[in-house]
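What follows is subunit A paired twice: with subunit B in the first complex and subunit C in the second.
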Partner chain A sequence: MIAVRRPRTLAGWINATFRHWSLLPAVILFAALTAYPAVDLARMSVSTITWQGAQDFWTFTPRRNFEALMSDPSLSAAVVNTLVFVAAAVVVEMVLGLALALLVGRMVRGKGAMRTIMIVPILVPAVAIGSMFKLMYNYDFGLFNQALAVVGLGPVSWLGSPSLALWSVVIVDIWHWTPFVFLIMFAAVEGLPQDVIEAGHVDGASPWQLLRYVTLPLLMPALTVAFLFRSILAFKAFDEVYLLTGGGPGTSSELLSLHLYRVFFEQNQLGYGALLSVLTMVAILTALALGRRVARKVRR
Partner chain B sequence: MTGWVLVVLALCVVVGPFLWIFMTSFKTQIDILSGAWAFTPTLDAYADVLLSKRSDFGHAVYTSAIVATASTAIVLVIGTLAAYSLYRFAWPRWVTAGFLGWTLALHMIPVITLVGPWYLIFKELGLYDTRTALVLTHVTINLPMAVWLMMAFMRTLPPEIEEAAVVDGCSPVQAFLRVTLPLLVPGFIATGVLTFIFSWNDFAIALALTSQQNATVPVVVSKFANDYEVLHAQMAASSVLATLPALVLMFIGQRFIVQGLTMGAVK
Partner chain C sequence: MSRITTFVAAFALCAAAHAATPFVDVGKQEPITILTPSTPWLPAFTKIVETYEEQTGNKVKLDVNPFGAVLEKARNDLRGSGGAYDAVLLDTQWTIEMYEGGFLSPFADIDSAFTPPKELLTYDDSGYWNEQKRWRTSKGGKLMAFTVLGNVPVWYYRTDVLKDAGVAPPKTIPEVLASCAKLNKPPSTYGAVLRGERGNPIRYEWQQWMLSRGATVVRDAENGDFTVTINSPQSKAALDDYIEVAKKCGPPNPGAVGQGDVIQLLSTGKAVQGQLVLAAWANFQDPKKSAVVGKIAVVPLPRAADGKTAAVIGNWNYAIPKGISPAKKKSALAFAKWLMSYDAQYAFAKAGGIPNRTDVLASDLTKDPNFSWMPAYLETLKTARQELGYAEGAQVEQALGLRLNQALIGEMSSGKALNQAAQDIKDIFEKNKRKTGLGPPLPE
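And now, the complex of A and B:
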């Protein structure tokens, strides 16, 4: 038995409670800036908030916010666009990122340089990328239309045409985030056990069979992680679409985050915005919980 | 051989836009509109972005630098302490799982969902459009990543080192400060560089929680792209300038960043 002595000195007390005070700042911060706002959000979602100067006044109007939800003209477009955006962008990024990682993994020289260059798009401000592509998509002088003109095709209104705007945003997201998938998959490819692949080779497997039955299964954990990360991040997309199209023309490239921002800060509907936020959070966390259960079943 | 061709093609696709924008930022408006490839480079756009009265870029750089530096420092301190507490001490399962689960959930949801209540709270506290509000929120959104990364780096240390220090008479706090912290320097670099860049790059929060006075670099860049839509060279120049800090930091901390970005994913 070890007798627990009460510390007598300040230093002794600091040491005895080290475990607690080291975690405390983070807990306080999360309580103040995430837990409390989450409660606030729930209260806001059943209220209407009006301003008189800097003073805010709350009235309890749950029905009104619900009706705003039901009659929101661009909400369904935002949800559908977001799902299309996430699905299209993530699938293409996964395929390209994996392919590139496998290709670079086979290179003898230049791996390090390749990796360095591929980090750049990830770390550049998304706003700067939006701004860059807005110029490249420009109808009159943009790089894309200049390239089309070389092969004799007419100028395309990349951001101005309702049927194309969302896809133009998808292209930017693919450009921005394929390198991220590449980095994760490249680290995984470099960590592949060479003897297993060698053994498959000796046993006479074709390159395609090696990829399908040896390499891909070994890469599955990393693929899953990359897929999850990308899906979550793509769902949050805001900066680029705000800059490129602002959700337009009409609602043709409206995404959920952008819509939320608009409801909050352009339509000044803090109450309805809060209701939408709560629903978004619930939807994401439910999808995640379901996804985890499915993943567990698959693994068994 | 086809492999090489494809890799080179991928490189061109990644680097091309940067080069084109870099080129555009040195053009005059006339050269841009005519789509010229041969032109006399000029620094007019940079001068306009950095020095003209209508541009807030200079002030935004000052704001962004302060906010990103302060956020990074606070995130490193709070995040390292929290990670160490969870890694080193025998917390009941619900504490560890609860804390990490909360950070995970926070990382999943779009930040815009929290910006509404933040806006209200900071208005009530008189902190709307202040650097304090930006620092507090940037610390909050970067803390999850910092805790995970620091925990991952801590797990790579052999526990015997600290045990030996305690046997030699170090108190727990001394063992942490004198033995563990110095070994975590790569973790600090990775976490610090990533936090600084993410804080510098943040657009959604800064857009919602600031107006004129404390607009950050991304907010000003977006103004060039949306409000003064015809100033194409300035758009390009402001994008190039906004990208510089990330590029510089990246080349300094490259090795550690790669480790940071891929660490959680592969292990």
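And now, the complex of A and C:
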């Protein structure tokens, strides 16, 4: 049994309660910067906002916004594309990031240099990446098609073909974000307990058995973190698809975040845009919770 | 000797005095900040602003932003407490939202004596707003803005290539197709390129073809009849024409061709014809950017075989926010008055801009090869008009731009795409309680 000692003096009381009250500024800041906008967004999601005489008028119209959701011609394509994008990009990034981390982890020299080189894609602004790949994907002048021409293959419409456009964006995302997974996994690989791995060697485990039964379970916490981070970020991917394809051709590369941008900013449908934002947040939080549960089960 | 010196000094003094004389005397004004888009004509606008500052001593700060960010910044400033901008340059498509929201000052409210020069082009009354009618019209409307740059699409072509092939610049769509049959040699040369990207690009470019056939999006928006007519046989014929030219004459990825691609293909000499806004003209005159300097000319857009010449205006309007101080409003209007003057527009044209005055467009500049576009521009303006001039314009553009693109890439037939677009557009109007309906569907 633990005995709790209560403060008997004023100084003691101040000491005991100060740590709680000292959090107040942070709580107020959080409420002002996060909670209030979130509540406002929720309020907006069930409203229609119009402007007259430089004044805004809010009317409570939840049904109207849900009807807009149901009749939105591009929404289903955006949802499906986003799921495909997240699944494809994150899986490949995880596999490549882990493989690179294990390879670099075995290097005797040049680990620092490799880490520095690998960081470069993350440091490049997304706008620059979009512009760079747009040029490389260019049908007539792009590097990829010029390279294909050298080996006698015909030009490919990387961004103009409905069946290829989304995958072209996935490739860019993989290039951009694999280093992020690598960095997390590399730190974890460097921190692996060598005695456990050596014990595996001594017990005669094959390299595959070592990876499957020793290394991967030990890396699972880092893998979970990398997976969750990347999934959330991939759900929100915007810059690359905006710059490369604009969601087209047709709706072949329309992603949720881009669709949200269109609804909010291009079509100026604030209420429906807010509803989409709220639903996207709920979807991400649900996926996050599910992911954590699955990860916990796998660890057990 | 002393006489010569005196003469030279007097001449220099006169020249200096002339240089210092403002085109229009606007007096000492408060400094202003203008929300400005980063566009191909920005260098010309920047130069003319510098001239204003030099002549008047008044200060003008340009807050330059990418296309989409201009709208966001304008919304944030005008809907909020305001004051960040004393004037805003708005794409004509966005002005409806600002007019209807009551965010802008009518020019007459700032200076009741103000009237724009009669030579100033109104670009289908894009700067006027009739509050009762909810329509851009000078009839009963107030002047809320004026056009700083009036853009229209024109037909660019390579003078040397067409001449060598014995092909005249096309006046009709069949002539475009006939010229393509001679000139199209993909992948080294494309006969003609059109924008096909989803959304604004294809919507804007195709609507010229639609108007040429006499088709409309809605029956009579000006008088409140929003019955959707986009799925008419005329629209379908226009869309079929557009798809045929884009596929037969252009690159094999027509659904992904944007404005940058059209400029790139024309300036590298890979495309020999193309439909493009006039504001892109300067791109082909700069030897650092263009391999076809002096080899490009423009004519009004080709029309349908049995149609008329048509064009949709895409202009940038200068407007003054409502929420700023009277002194700032006066200063913003002073700059506008100066910019509307003949001399300022002449200088703007010389700097690479498109002037907005008929007298400058008919001036001695037309004899200069650098301004050989002027006759085509004036000719195009005769029939050019505004489109989607209602509050739902942006939504209609998205709906239409998606379906047109889907038809272009073969995801659906032209008939199905237009039927679908018509239904989408009708839904938009219905939600806003407009008087709307739907014409008979096209065969799919």
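General remarks:
Here is the rule we go by: the second predicted complex is superposed on the first by the 261 of 300 C-alpha atoms of A that agree within 3 Å, B and C clash if a C-alpha of one lies under 4 Å from a C-alpha of the other, contacts with A are read in each partner's own complex, and residues count from 1 in each chain.
One rule holds in what follows: a contact is a pair of C-beta atoms (placed from the backbone, for glycine too) under 8 Å apart; a residue touches a chain by one contact, two chains touch by 3 or more.
Since we're looking at a predicted model, the values are computed, not measured.
On the shared subunit subunit A, the superposed partners subunit B and subunit C overlap sterically.
Contact with neither subunit B nor subunit C is seen for A:Met220 once the two complexes are overlaid on the shared chain. By the touch criterion defined above, A:Leu290 reaches neither subunit B nor subunit C.
Judged by the touch definition given at the top, the superposed model places A:Ala199 against neither subunit B nor subunit C. Shared-chain residue A:Asp56: touches subunit B and subunit C both. In the superposition on chain A, A:Ala147 contacts neither subunit B nor subunit C. When the two structures are aligned on the shared chain, A:Met281 is found in touch with subunit B, with no touch to subunit C.
Within the superposed three-chain model, A:Asn268 lies in touch with subunit C and out of touch with subunit B [touch as defined at top]. Looking at the shared chain after the overlay, A:Val124 reaches subunit B, while subunit C stays out of its contact range. Touch counts on subunit A: comparing subunit C and subunit B, the chain ahead is B.
Applying the stated contact rule after C-alpha superposition, one finds that A:Gly248 touches subunit C and leaves subunit B untouched.
Shared contact residues of subunit A with subunit B and subunit C: 54, 56, 138, 140-141, 246, 265. Residues 11, 14-15, 18-20, 22-23, 25-27, 29-30, 33-34, 36-38, 40-41, 44, 49, 54, 56, 99-100, 103-104, 106-107, 114-136, 138, 140-141, 143, 146, 175, 179-180, 183-184, 187-188, 191, 222, 225-226, 229, 232, 235-236, 238-239, 242-243, 246, 256-257, 260-261, 264-265, 270, 273-274, 277-278, 280-281, 284-285, 288 of subunit A are the ones touching subunit B in the complex.
In the complex of the two chains, the subunit C residues touching subunit A come out as 68, 71-72, 78-79, 97, 100-103, 187, 197-199, 251-258, 261, 264-265, 268, 270, 322-323, 394-395, 398-399, 402, 405-406, 408-409, 411, 420, 424, 427, 431. The touching residues of subunit B, counted against subunit A in their complex, run 3-4, 6-7, 10-11, 13-18, 20-21, 24, 32-35, 77-79, 81-82, 84-86, 88-89, 91, 95, 99, 102-103, 105-121, 123-124, 136-137, 139-140, 143, 147, 171-173, 176, 197, 200-201, 203-204, 207-208, 217-218, 221-222, 224-226, 232, 235-236, 238-240, 242-243, 246-247, 249-251, 254, 257-258, 261-262, 264-266. For subunit A in complex with subunit C, the residues that touch the partner chain are 51-56, 64, 67-68, 71, 73-74, 138-141, 155, 157, 159-162, 165, 245-251, 262, 265-269.
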